[in-house]
């Protein structure tokens, strides 16, 4: 394992400390328990809180700030945070108008946020939770833990954060997040496995000509192991999987082509070129796009594609000013 | 040995060292069909548990130890296993609250309550290839022993054997809960890491009673 | 070689096409010859033009836009562009006030921009060129090609771009760029080699416990091959090399911790934590920072550290609004 | 064969196929002490040169072919080699402008002008471990032959042999120009890729004259 780190046990703490230093104008990183809040809360606003395992940076801590998240609780590498930091984050994010949890659908995240919500309720904080499950790689059936929450989360956090900033109430925000969750779909492709610092081992082994199609963001295996193929073919297959599953054919859409951590920008743009070409081909309209590494899996190589169906209102929320470590415009 | 507070502390202490010893293997099991952190998670949790059990109050009951264990697991493990084991030990504590010495029926009640907690929070049933398979097999075996009027140690031993069989039984299952459920057929042939850690924990309970 | 691409010969073109699609609100990518311009030029402003080999994205094309570059000429992978696209970019960037070239110090870049400048002059366009050579890994002696231009380039492009936007004239801008070049120093460390698409081979081979200290951004070898070490130690050594060389001890500084392409954000923050700690330790003040992958080397793993000494005026130029694909704030 | 326009075209055509054939090796040389693109760059350039020489005007002179070659190299190679070879062929064209048939002295003048162009633009001298070493050795050998009143073919052959020796001589040198100069001692033992491509180009010139 070759990584820029000191001790695997210090990795999350060191990275957060560096993050705190680098973005002291936007966030504050608290310790015992560890969570991240924006520097200045907007009084009276509904708090939007997320969190989950570390190793997916900039998700979630990089999206704390004006117009997006009020607080985030980062767990250990690929491990949901415990209820304590979520509760502490909730208390800070609560400005009298309640708190919305945006939770990626993993058993651990769901359970720990659930406990935090119960504890917050006991303190008189109104909490609503929306579980995000955008990964079409996983069947959403009674026989699985349900679809996973992956890169589409960023799109939801941005839009819900903007709606919170404009003053929407807790129930309206929960409804919006629920609606967004129903309109976003993603799928991931790994061409190289991540190495978890603690074990020093790759999460899975790929032959030189193999890839993992439908990969999760924790190195959980996907739909199938298949042969490596040209980028256009991979993009086509990913897009098809998303289009097969997305409700409404997404005539107006926001597209996210996301890097998994070890994939350089040029390769992501190669994938995006094809996605855009194909969407044009079926008459869809890309209203906005993001191409970059926003939801990573440590040093996994590969990409994911997310599509979100949008209308004018969602677009204006997307365009609203945002100032976070990893997403910033309009201010 | 009588199953008193000292036993409960011994259980968790032994569990902590067994988990520490086998964290690598648990991690490997999780790497195969999950995300590889189960050994690390459990080790972090039981290290915290052990630290908080160094000065147990004189008048503490077994339930207090179980409750402390639960709270430490909830606040230090994270992931799926943290809240599930946390709930299990909370319910277990509840099931034996007020008891200073546990008999065979108490042990059965403790295990059964733990299982109920996990099933309820995880919405999992036996056969879903989770820690529930190990707990359920442990409870079945413990019940058989208790019905034969075995003593507490015998009930614990039966539970430990049951948990081990339950864990082994997950090898051939498809997973319906947890991360392994994404894998479909590809999970078959692999042991569920949570079931494996349950087997370690319940074996520690019996061994603590034997010592 | 496992990369998201179709055909090595199409790689640059495909990536640029995707880049054009994704950022059509900011840039226009022109073909035959290939170069990138901002969507709207500011009339009467001095044009700021850069360029160089591809494979370093977002440099330079990702820095074209309001407040930074007016145009950029991307070459083939790791290969300087020819004079034609530079000249074409120059013509578009020329809004009557002349054009400033910001050129990284490589023989190829220097010669091709030189030829373009001659041709532009023949067309009556005033051109000034500033060669950036911030890499302290290379001795600046008569016996080398001189120091290389590396990640510090981003800092210069941002500040010079802001000065151009506020209306500075060509000579003032050239002076500013020259002054900045004298005040910026960088060094890079590779823990994994890049693979050039055409050859399909890694640029160099590293043993599992080896790294390349003082690496260039084209996989050119550095000062020395040394043993892998904890991140803090690597950060210390890199910082020392930079501090040894930077004029004025850089009491007030902008710090860039740059990812080389395959290094995820968390690892960069681990490095930044240490850099910030050490700089505080010697009484230096980090006025601003950038942590992210801004000047990459395809899929090389590793980081570089750049320090730029600043004063109030430079800081206000740094803070001025910028809207490019890769750097954006204030608008 | 007389060194006329057909020879010049044959030279570049042969150069194009030799470079294409050895692009991999040139890339490897550059990968060792540079950035690995020299083969790719030269191949892209000479592919463009070959394409632009398919319909040379009837009244074209050798100098026209050299000039076209220069322009195509400048506009398609990029990197360091593009402007350097471009300048070399521009100057070479200039040196034989107006000549329909080149004799031994013309060949020497052509090569010497090319060398001068490279030295001037690259600010390099013999011994710096660059293409200059191959060109300089070629010019020296060509001069020796021309002074012995050798014919044009003989001068070309001498130049080709000289270039090859010059390229080989770079193996043991430290580099003072180009990317290899960053490597210090680590460049020793490796051949300069530009010197190697020069040897290929000048051998092609002789072979085109022999055919």
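By written order: A, B, C and D. Residues from 1 in each chain.
Following the convention adopted for this analysis, a residue touches a chain if its C-beta (ideal position, glycine included) is under 8 Å from a C-beta of that chain, and two chains touch if they have at least 3 such contacts.
The model shown is predicted, which means the values in this text are computed figures rather than measured ones.
Asker: When chain A is withheld from the analysis and all other chains remain in place, what is the resulting partition into connected groups?
Answerer: B | C, D
Asker: With chain centres taken as the means of their Cα atoms, state the distance from chain A to chain B in Å.
Answerer: Here the centre of chain B sits 32 Å away from the centre of chain A.
Asker: How far is the middle of chain B from the middle of chain D, if each middle is the mean of its Cα atoms, in Å?
Answerer: One centre to the other, that is 76 Å.
Asker: Can you work out the whole-Å distance between the CA centroids of chain B and chain C?
Answerer: From the centre of chain B to the centre of chain C is 55 Å.
Asker: Spell out, as numbers or ranges, the residues of chain D touching 2 or more other chains.
Answerer: There are none in chain D.
Asker: What parts of chain C, by residue number, touch at least two of the other chains?
Answerer: Nothing qualifies.
Asker: For this assembly, give the contact graph shape among line, ring, star, complete and other.
Answerer: Graph shape, chains as nodes and touching pairs as edges: a line.
Asker: Per the touch rule above, enumerate the chain pairs that touch, sorted by label.
Answerer: Pairs satisfying the touch definition: A-B, A-C, C-D.
Asker: Mind listing the chain D positions that touch chain C in their complex?
Answerer: Going through chain D, the ones touching chain C are 24, 27-28, 31, 33-37, 40-41, 44, 74-84, 121-122, 174, 176-179, 181-183, 186.
Asker: Spell out the residues on chain A that touch chain B in their complex, using ranges where they run on.
Answerer: So the residues of chain A touching chain B come out as 53, 75-84, 106-108, 111-112, 114-115, 137-138, 142-145, 148, 196, 198-199, 201, 203-204, 216, 218-222.
Asker: Quick one: which bits of chain A touch chain C in the complex? Just the residue numbers, please.
Answerer: Residues 2-7, 11-12, 14-19, 21-22, 54-55, 57-58, 62, 191-192, 208, 211, 228, 230-232, 234, 261-274, 276, 286, 289, 291, 293, 296, 298-299, 301-303, 323, 328-331.
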